[in-house]
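The following pair of complexes shares a single chain, chain A, combined with chain B in the former and chain C in the latter.
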Partner chain A sequence: MIRVIVKRLLATIPLMFLITIGTFALAQTIQGNPAQAIAGDSATAEQLAKVNKELHLSDPAPVRYVRWLSDVLHGNFGKSVATHRAVSSEIARRFPVTLSLAIASLILMFVIGIPLGIIQGMRPGSKLDKLLLGGVSFGLAAPNFLLATVFVYVLSVRNHLLPSMTYVGFTKSPLEWAKHMIMPAFSIALVGGAEMARQLRTGLVGVAQEDYIRAAKARGLHPARITIKHALKNAAMPALTIIGVRVGYLLAGSVIIEQIFQLHGLGEYVLQAIQNKDFIVVQTVVLVLAGIVVMTSLVVDIAYAFLNPKVRLA
Partner chain B sequence: MTSILPATDTASDLVATPGTSLLEVDGLSIDVARGAGSLRLVDGVSFRLDAGQTLGIVGESGSGKSVTAMSLMRLLPAQLRIAAGTVRFDGRDLSTLSEPALRKVRGNDIGVVFQDPQNSLNPAYSIGNQMVETLRAHSDLSRKDALAKSIALLDRVGIHRAAARVNDYPHQLSGGMAQRVMIALAISLGPKLLIADEPTTALDVTVQAQILGLLRSLQAETGMSLLIISHDLSVIAETADQVAVMYGGQIVERGDVVEVLTAPTHPYTEALLAAQPESTVKGMPLATIEGIVPNADAMPAGCRFNPRCAYALDICRVTAPALVEVEGRPDTSVRCVRHTELTLRGVSTAQIDAALQADPAAIDAAGRPVLLDAEGLSRIYDLRSGRLGRKTSFHAVDDVSFVLHEGETLGVVGESGAGKSTVGRMVLGLTPTSSGVVRFDGNDIATQRGDAKRATRRDIQVVFQNPYASLDSTMTIGESVAEPLEVHHRGSKSERTARVAELLQQVGLDPSVAGRRPHELSGGQRQRVAIARGLALNPRLIVCDEPVSALDVSTQAQVINLLRDLQRQFGIAYLFVGHDLSVVYQMSDRIAVMYHGRIVEMGPAEEIYHSPKHPYTVALLAAVLSIDPRHRRLASTATEAPGEPSATGCAYANRCPHVMDRCRTEVPAPIAVDAVTVRCHLFDAVVDS
Partner chain C sequence: MTDTIRPDGIDPQAAPTEVVTLPPPRPAWHTTWRRFRRQKVAMAAAIVIVIITLAGIFAGTLAPHGIDEMTSEFMATFSKQHWLGTDNTGFDLYSRLLFGIRTSLYASLLAVVLALVGGTLLGLLSGYMGGWVDTVLMRCTDAIMALPGLLMAMAVVGVLGHSVTHAMIGLSVAFMPGFARLVRGQVLAVKGESFVEAARVIGASPPRIIRKHILPNIASPLIVQAFVSVGFALLAEGALAYIGLSVQPGEASLGSLLQQGFNLINQTPRLMLVPGVVIVLLSLSFNAVADGIRDALANKERVADVGAQA
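Coming up: the complex of A and B.
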């Protein structure tokens, strides 16, 4: 098991390296004229030259990339071009918001996906299964921004059931945190949860045909035990892999959702930065988000190895 | 012996009252949902099984035997349901028992062993985990006690170092080991009845003998009853007290195993016995049952066996016979309108003995020109293994040499993983050789190019085990057979059509099947098509890779006869790869026995069969089951699971009863002893002196 973990960890190093190249290249495309952006529209040619020199903007791209990479490796993300504030402190301030949203969405995704998947998978073709299949199809099709807008309107604006437009730290009040998080998180989690339910249902229906399920039944095990222990672990494997994929979507979704709920997270930050042509912020935030995605798939891989002895004992 | 098997109160009850019926099945019918309606798969099956006895149910594919067995504890897939009948077990009707009550019976009172042991264990949990779970589901053993008991059970079923292996996962077990684990699981709670559904079908011959011996020894120890389902008459002959022969979803004959097999009263039972390769003198055509097993949606009217029955009269096509007691034999029941007037032949000792005599028609191939000459063939795969990912190599085929003369058949036998199919693939050029040369007609096939290469490709054809996989489902039969002709630009379109018709006729098919598609044919018919396709280019050698393994006995006999006829007619040589020694013996002039990549013994078929020399050949022959229940060959003893092939010296060293010190270090070289070649140190001395 340890060997598997170490192997997967080592495999992420070249991947992260490729991602830094990707984000750097991406940031280049939105630069426009950064010196102009920094110095302001009324800047003189002299001022522009000075900015250029300070930030080494006229160096060739590979040179700037290597410099940036070494800065990043030293924990120095630079300063925002637009606000002149250290990117790292801004990220530190906003990261908990986005992380909260991501974790809350993931939890909700499980809460929606697992029971629905199990209920459907245990009795495929039943009335309940068909009903839930309809719900799942809706969940897969509903755009999250629309969902969010409807939630805000119905639950906050009309009925004042849930607060919106603010963020309360988890450490301050877990209950308030949850109240504030549930609408945005649900908006993001519905698609993922629906997909998970569908995967789990398909997985369970497939596993039910396996010889070992019949053999477990022949040994007189309780049906619930057969489903929860024998079927679920095998059916969970394909469902698990989609979590890795989903986290990427989840973060992408959070950019829009943070706007709607006015949460000051990384999504909002990166959106502002793009508007300001603030390439330093953009490349840093994208790098952080990509790092989160890579770490999640690492965790998923390890969980997969844990579920599957063939991988674990390889 | 202090038994770890629960000498439960129930078990001792049973021993105290032998001869009482434990299981009584009456009028059991099973339907499968088909569109809006349903189709009857099993029709009015009745039998009883007494405490401590063994009942064998035998039948070909589609006879309904497995479905019957699975229905007893209601383990049927969702589309199937019990439509009528009762299943009385220990005084209760299992067909109507509530689910919670039935759950107590499952595992506890009745254990099941399935056909595919590796897939019957959950891959995600260790075997110990699954055993402990089962024990604790039906008893209040502590986790620790349950684990200790699991280890003792594994030890009892012959698993070496059980305390360590209890932590293994299913994928780490061989098929034989997995079946031992399944048996340990099934008997762990001391059931009164063990149902074994084709328990050895997926296993090698030697492993089959061990598993059946184990089942018998467990039965002797616990007094449980055994219900064995098999397509293989010899499995039943070796194990059962009572037998039920099923055909087309019905029991056609039922009774004491010795009576039924030695003096059958149903024509199907007779035909089934006659079709066994053991029943025929070598070189003579095998008895066959014409036609194919009927489908549930096209059951013949009247007697279901009538289209294939050699004794059928007009009355058989209208009157559906009932299962009735045979006069003067209260133990036997039969379903045939003519049973009182017919005298049928069963297994006879004289006949089996005669069958083992030397083949009078055996050809002396030595004088014929050599067609194929394989020299020092090896196929080595590099593997990474161990904690450090160290490179090791695996010899799938190791220094294999043989010659094949024109018109001769060389049989290659061995267990799965012995490398026999790989040898066939190397001859075909489908698997590259790591070293060694294959010469066809004196030419190294690896160096051939252009026309010479194409000519060799034409001359060597292949027939695989699974004809369904080797025929393209989108092509008609005619197109499939014509394809090799087209590839090699043989004849005009009309000439090809004529040739296809001729080929289909040669393999015993009506030329009209040319317009049909593979799925419309039966397994045996598809195999005939595959043979016709192989014949299309007038090959001089056909590599037959387990060509009859997937077929029912009756069909198997037809295909064996066909292959032999074609050989006689066209002088084709065969490289015949198989795992069933009786079949390979029937087919071959010479036999090569492979173990773990090497040919351990090779020589004339009679010599190998009658006076085997290599310890592995001896073991292989000892594992061949008898179809005569009066002369059983298996001991009812439990043996330990055999050791893994040894990596150094003689690969058989870990299993060999004659192992010596030098066997562990020195690879034995091939030695000529009498007419055979043996690779074994036991014969070093013979030659030295």
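Coming up: the complex of A and C.
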């Protein structure tokens, strides 16, 4: 088990290294003329030269990459080119918004996906299963931004049932937080929930053929008990592994959803930065987002290894 | 009866019998198509795709009004002149919808074709070469998969300028790892088969082995993945257009129509509902066709989760 964890941890290091190269390259491509962006359109040639020198912009890219990497490793994320504010403090301010959106979406994803998957998987081919399959297909095809706007229109604009366009911190008032989060989180979570339901259904259908399930049936156990106690353990594995992938989708989805609900999170920050050609912000925020994805899949993999004796005892 | 039997086994003195000609062996796609045809949902979805695609291709002929032709009616509802009504600038929604379908389909196909070609090449290289090439390429796909795909598209738009093509180039990079991994896995599975070994033993060159023996055997899961990806790409283009990073003003895509509809949602939900229904229907259909092909291929091929981080 420890060997598995260590091996997985070690594999993360070159991956993160590659990601820093990727984010740096990504930010380089949007750079345009950063000195011009910082100094303003009316800047003189000397002012431009000064900015260039301050930020070492005239150095070759590999040199700047190494300098940036060492800064990041020292916890120094630099200052925004556009607003001159420290990127780290801005990230600290916005991170809770994006994090709570991601967590709320993950919770909703389970709430949607697990019951649906179990109901379908218990009686595959039944009328209810077919009906729900249709619902799942719709969930996979419905764009999150469309769902979000429909929610805003129906629940907020028309009926004033739920608040939108604002954010209330969880620590301030959990109830208000939930009220504000449910629409954006649901918009993001539906796709993931649908996918999870589908995985779980496939898993349960596959497991149902196994001898130990037939044995449990033969002993006269209640179908619900068989599903929950015996089948689910094995069927849940593939559904679990998709969480790692899903977190990436959640974060990407949050860029759009934060825009629609006017939440001041990391997604909004990075979108603004791209539009302002603010390369320092872009490379840092993308690195942070990618880091979250990598860490999540690390945790999921380790949890998977822990739950699966085949891997644990290998 | 003669006592000499000709090598071809035909008795020259026997009464002429009816010549039995066996039908030529059916190609594999024939069976697949027969199985696909039997699935009602998938067939319905395929028909929807064909109709909507034709509508998009012939938008120029079918549309009663130009894409930026202002009519004298503003916010008109469904009528004979304007089947789907007009918006606040007097644009005919039906015409714009046709042009929007064309743009959205062009965009998604572009992203998927680029990703398919690039991903297949990378996957073949990785799977066929193995060793350090494989390791390096696979770690790179891991890294790309950790970056949110929409962000990549946004960044490419940021540097190259706002256009559908640029957005889709960025998106195709996000799709590529999914294809590359799928191809790699299939290549590894096929590479050990005896027919590939036999080809190698008789001296076939690697490009020939790949072309003649490996590609045909991995084509079907790739087609399934391509259909799934088109569905995702449609939604991703929609999302990018929705935040104003894809089409230019004056053009239309399903996403930009949705976005304009949203701005006028307090006056009428119609302008958002119409493109919304079309985009969901299209994306649903591409997924359904992918499922249909998968089932028609006898459930043998498992398609990996798409790298579409939309």
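Rule of thumb we're sticking to: the second predicted complex is superposed on the first by the 307 of 314 C-alpha atoms of A that agree within 3 Å, B and C clash if a C-alpha of one lies under 4 Å from a C-alpha of the other, contacts with A are read in each partner's own complex, and residues count from 1 in each chain.
In this text, a contact is a pair of C-beta atoms (placed from the backbone, for glycine too) under 8 Å apart; a residue touches a chain by one contact, two chains touch by 3 or more.
What you see is a predicted model; the values in this text were computed from it and never measured.
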Touched partner set for A:Leu190, first chain B, second chain C, both or neither: neither
Which superposed partner A:Asn308 touches (first chain B, second chain C, both, neither): first
Chain B versus chain C as contact partner of A:Ala235, first or second or both or neither: neither
Touching partner for A:Leu146 - first (chain B), second (chain C), both, neither: second
Touching partner for A:Leu106 - first (chain B), second (chain C), both, neither: neither
Chain A residues touched by each partner, larger count belonging to chain B or chain C: C
Chain B versus chain C as contact partner of A:Leu204, first or second or both or neither: neither
Touching partner for A:Val293 - first (chain B), second (chain C), both, neither: second
Chain B and chain C footprints on chain A, overlapping residues: none
Residues of chain C touching chain A in the complex: 139-140, 142-152, 154-159, 231, 235, 238-239, 242-243, 258, 262, 265-266, 269, 272, 276, 279-280, 283-284, 287-288, 305, 309-310
Complex contact set, residues of chain A against chain B: 3, 209-212, 214-223, 225, 229-230, 233-234, 307-310, 313
Chain B to chain A touching residues, read off their complex: 73, 75, 77, 99, 103-108, 111-112, 114, 116, 119-126, 133-134, 137-138, 169, 171-172, 182, 185-186, 387
Contact set on chain A toward chain C in their complex: 14-15, 18-19, 21-23, 26-27, 29-32, 137-138, 140-146, 149-150, 153, 157, 242, 245, 248-249, 251-253, 255-256, 259, 270-271, 274-275, 277, 282, 286, 289-290, 293-294, 297
